[in-house]
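This report refers to the structure that appears directly beneath it.
Chains: A, B, C and D, in written order; residue numbering restarts at 1 for each.
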Amino acid sequence: MLSWLERLMEKASRRVARATSRRSFLAGLGTLLVGGASLPLLPVARAAGGHGAAAGAERGVAPQTSGVEGDPGDPTTCEYWRHCAMDGFLCSCCGGTQRTCPPGTEMAPLTWIGTCRNPADNKDYIVSYNDCCGKTSCGACLCNRNESDKPPYRAFSNNDTNWCLGTSSTLYHCTTAVILGIATMEADA
Amino acid sequence: MLSWLERLMEKASRRVARATSRRSFLAGLGTLLVGGASLPLLPVARAAGGHGAAAGAERGVAPQTSGVEGDPGDPTTCEYWRHCAMDGFLCSCCGGTQRTCPPGTEMAPLTWIGTCRNPADNKDYIVSYNDCCGKTSCGACLCNRNESDKPPYRAFSNNDTNWCLGTSSTLYHCTTAVILGIATMEADA
Amino acid sequence: MDFCINLVKQDRAVRTLAGAALLLLAAAVPASADLPVEPIGVTEKLPARWPDTWIQAHDINFYALSDGKVVIFDVAAENRNYKGSISAAQFASFIASTTRPEIYVAETYYSQRVRGTRHDVITVHDKSTLAPVAEIPLPGGKRGQYVTFKNTLQLLNDENWLAVYNFSPAATVSIVDVAARRIIGEASVAGCAMIYPTGTRNFMSLCSEGVMLVTALAETGAVAKQWRTPAFFNADDDPLFAMPTMIGRMAYFPTFHGNIQPLDLSGDEPKVLLRWSLLNDADRKANWRPGGWQIAAAHRSGRLYVLMHPDGYNGSHKNGGPEVWVFDVGSGKRVARHVLKNRGVSIEVTSGAQPYLVVTNDSFQLDVYDAGDGKWLRMFGDHAVTMPMVLHAVQ
Amino acid sequence: MDFCINLVKQDRAVRTLAGAALLLLAAAVPASADLPVEPIGVTEKLPARWPDTWIQAHDINFYALSDGKVVIFDVAAENRNYKGSISAAQFASFIASTTRPEIYVAETYYSQRVRGTRHDVITVHDKSTLAPVAEIPLPGGKRGQYVTFKNTLQLLNDENWLAVYNFSPAATVSIVDVAARRIIGEASVAGCAMIYPTGTRNFMSLCSEGVMLVTALAETGAVAKQWRTPAFFNADDDPLFAMPTMIGRMAYFPTFHGNIQPLDLSGDEPKVLLRWSLLNDADRKANWRPGGWQIAAAHRSGRLYVLMHPDGYNGSHKNGGPEVWVFDVGSGKRVARHVLKNRGVSIEVTSGAQPYLVVTNDSFQLDVYDAGDGKWLRMFGDHAVTMPMVLHAVQ
């Protein structure tokens, strides 16, 4: 098990050598590798009742915190910093959190990865947008930000894909935003 | 085939004898026999965007006529006279008409029957609310009028039931309003 | 960027592994002042026993009937109050066990989604994982399909049996052994409807002619005896709503015209108690009536909550209403009128010591109020539910 | 009413027959001046060939993905314009034959609705009855699932073959013999995506590095040959949108930054033609860009319609837009700017001599305009569709 991962890391390292720095390597991966959730458009989010704008009582989802020290903002809003490349229903509104799946769903292993800046420490983090699969549409908190989205011929940069792949079911439920590590600091290291 | 229908009509005639007139017999049947569509509440129709109120461009369903001479009003509206005991999606908005099912669906043989007054001739007609079955929710033109509705222990007066029974599929799609005959004239006859 | 293009050319395995490798790289070098690296693949779990501030909202999703669900909310929590969901489609019925960590959905599906072979089943879900753990077949294609009534699926015999209402249009009740996961009996309830548990193993049904039919079951689940009571209501003049609210084994049935018919279902023979009115003369003049879908709720403290509307008429009994009236079931006296923030369609009251009043409003969101003073507390919306017709408080 | 109660007590058969008898009674005595008695059990049919004023709106129903559909509208008709619907769920793909009375849906379902065994299939529906007539299995659990692109399901070889795009995430294309109802071949298109028919039996796919991959098929459906062209676009700097619009065998691909890349797909070897810009200097200053979902449409008269928005930025390419710009593909000149009544998400143009511009607006209703002068004519709403992302004009 470890041996093939080691080999893989070796290969990855060779690729890194071609990039000018760790940071640009990760940034490249962020926009290119492994596509995130399953889609919707900005107008979709607007049609969903202005979600993404003001949080709170009017939209029927109470403000939350991430529960992580130094991680500001509301994970039920599209504006939350980890959501810089988010696309789908926010698992924080569906019985999960920004980093965990709701009960009864399964996290997809293939993801789209973004690089988002945390306004609290002004550092860039690698965020992995893993879909939660196995139940139909959660429906709540549809969020879409297309900054690094590319058409399906750049498959792992495309968020129009149902990324419930490699799971026991392809039913799409919601999407997480998991911190994989820090980007800027590694580039500087 | 005809013989059992004849026997049945004989039975029905015996029952009619107990009622004071043909009209009250039919009216009794109208409220009691064979329940119509599958449900929704008035608030449902309201939530659907004020449908049931003004017809026309605002709600996204164009005005129609019944296509039948002497049959006034718009069969895509809840206010249409045949809909006095309607409950469900109006088939006129779904690829059918007030008396026919949309392509690919099957009309349920069991129905709820109402007695509605045609404002054009001021006569009461027996209207049969047959569901169209075999495709999921049409979605358009939800209409509910509960005048003669009773709880499920009066099974054939209850419109909360999915009346897609006796069809090859129980999937509910929309509801028709078919004229079975005239009520007042027969009572007078 | 040359690198990017090369990467995209890789085959599936390499791409997948590249992702895994990135994960390891990132995980290997966390700086202490940074946000912690988080594990991939974590799924939430719920406790095996659910708090008494939770409700189970049955979203029939009428606009997409094949995609309904039950959503579990903690109505007391300021946030993180959406706990999870389970599938419950095609006019499903729902009930939760209070003695086992299980919830039950009686539902219908087709082998090819919208066509093919019909399957009626009870799907058993685990309360902790919200995952299906068993499927009990209900053969015969006769499961009763309604907009949703609590009394189409009930628990009997200390929750060891499930009773399922069938309507084809023959009215019968199937008895299911919960532990054995199979049907053990079936009773005809022709001319009557629904399941109201009474005594240990019995249930009663309401009948068209204003009587009740009592079905006594043997230990095997077979019908031991059936009898009809004398008439105690008139379905033409003042029908009982089909869904009562319960305090212990006392059932309170509202009527279309504003009466309450209490039935004592604690014994094997139900007792019809004295009917009383929700209305005073002024109320009657303004034609206040109960109306909506799930129009009554109750709390063990003896409080009865009824969704009311003025200017009632023949056919207004499903229109919902702007107020919830609170009564003391001992005295029959009204003790409060809660004017709702948004017109209500269905109501429920949580079972804890500090109860919450939960209201499906006419935009099909859920409003949460303090059941005591009627103060609006919060709303659940943003497409979390689309048509939550029936609300089940966790007992 | 004694009669009523007796009736309700009848068994199923008698009740059913009573209904039939009532029907006969009523039918037997029509008075001549009355409205005519109407038959029970009539289902509408459609013509086997559909008029060129019809469109097929693919409603992905994102809020209930297992309950999507395709709704057929006659956009020219004042009323009775909803013609019917077919099921198309779980990220389905859709295409209609122009030579057979058939429409095709590539879709996915599970044996127990939301769980159990996955089945990928092409469901064949009859145009006249809108009923399923055949199901073609797509084994391997690899059908590509997307918000909906036209180019995941295409017809080849004079419409005798269907080509289905797979993504697992291995990218392949399955070739299906329409008449035989079975798969006859499969081609890997690794590093590339989608199906753009070219010549008789060939198709091309767009690739990450800015080239196209051409797959030539033998008469058996097997891969005869594959080759890549030189790069003709840059996916980093100015990506081609994945969904072109067609005039005959000419494909017009808009780019994120407002260019049009025409490709001649009439021959077995696609030809890359000269790229031209939708923008003049003033447009560029205001940062007008194409954007939305199905952002381009065309008419055989040589008119190209593109959905445009000002103030574009990286990430605005799906935001939809307030205007549809009309171009002459011969000269590359803009001939009209249609300011939409409601912001658009997707657009389509009907294929008849008097074309209509159909727009999915940002409330997910359909607005119908005169494609010539841009005049708004009508809207289809009231929940007839919930999320019609892709519109297919009847050809």
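Simple rule for what comes next: a contact is a pair of C-beta atoms (placed from the backbone, for glycine too) under 8 Å apart; a residue touches a chain by one contact, two chains touch by 3 or more.
None of the values given here were measured: they were computed from a predicted structure.
By the contact definition above, name the pair with the higher C-beta contact count: A-C or A-D.
The greater number of contacts lies at A-C.
Which one of the chains is farthest from chain D, going by Cα centres?
C
Once you find the CA centre of chain A and the CA centre of chain C, what distance in Å lies between them?
Chain centres of chain A and chain C, defined by C-alpha means, are spaced 34 Å apart.
Taking the mean of the CA coordinates per chain, how far is chain C from chain D in Å?
Computed from C-alpha means, the inter-chain centre distance equals 39 Å.
Between chain B and chain C, what is the separation of their C-alpha centroids in Å?
29
Indicate the residues of chain A shared as contacts by at least two other chains.
If we look for residues of chain A contacting two or more partner chains, we find 110, 135-137, 139, 142, 154-156.
Hunt down the residues of chain C that sit against at least two other chains at once, touch-wise.
Residues 1, 4, 8, 15-16, 63-67, 87, 110, 114-115, 168-169, 208, 383, 386 of chain C each touch two or more of the other chains.
Which of the residues in chain D end up touching chain A in this complex?
Answer in residue numbers: 62-66, 90-91, 108, 110, 114-115, 118, 144-147, 149, 167-169, 171, 192-194, 205-208, 235, 239-242, 292-293, 314-320, 343, 345, 362-364, 387.
Using the touch definition up top, name the residues of chain A that touch chain C in the complex.
Residues 4-5, 8-9, 11-12, 15, 18-19, 25-26, 28-29, 31-34, 48-49, 51, 57, 59-64, 68, 70-71, 76, 92-97, 99-107, 109-111, 113, 118, 121, 123, 125-126, 128, 130, 132, 135-142, 154-156, 166, 178-182, 185-186, 189.
Where on chain C does chain D make contact in their complex?
1, 4-5, 8-9, 11-12, 15-16, 61, 63-67, 87, 89, 109-115, 119, 132, 135, 168-170, 190-191, 208-209, 236, 383, 386
Write out the stretch or stretches of chain C touching chain A in their complex.
Contact set of chain C toward chain A: 1-4, 6-8, 14-27, 29-31, 33-46, 67, 69, 72, 78-87, 125, 128-131, 365, 378-386.
Residue numbers of chain A touching chain D in their complex, please.
38-44, 46-47, 110, 134-137, 139, 142, 144-156, 160-162, 164-165, 169-172
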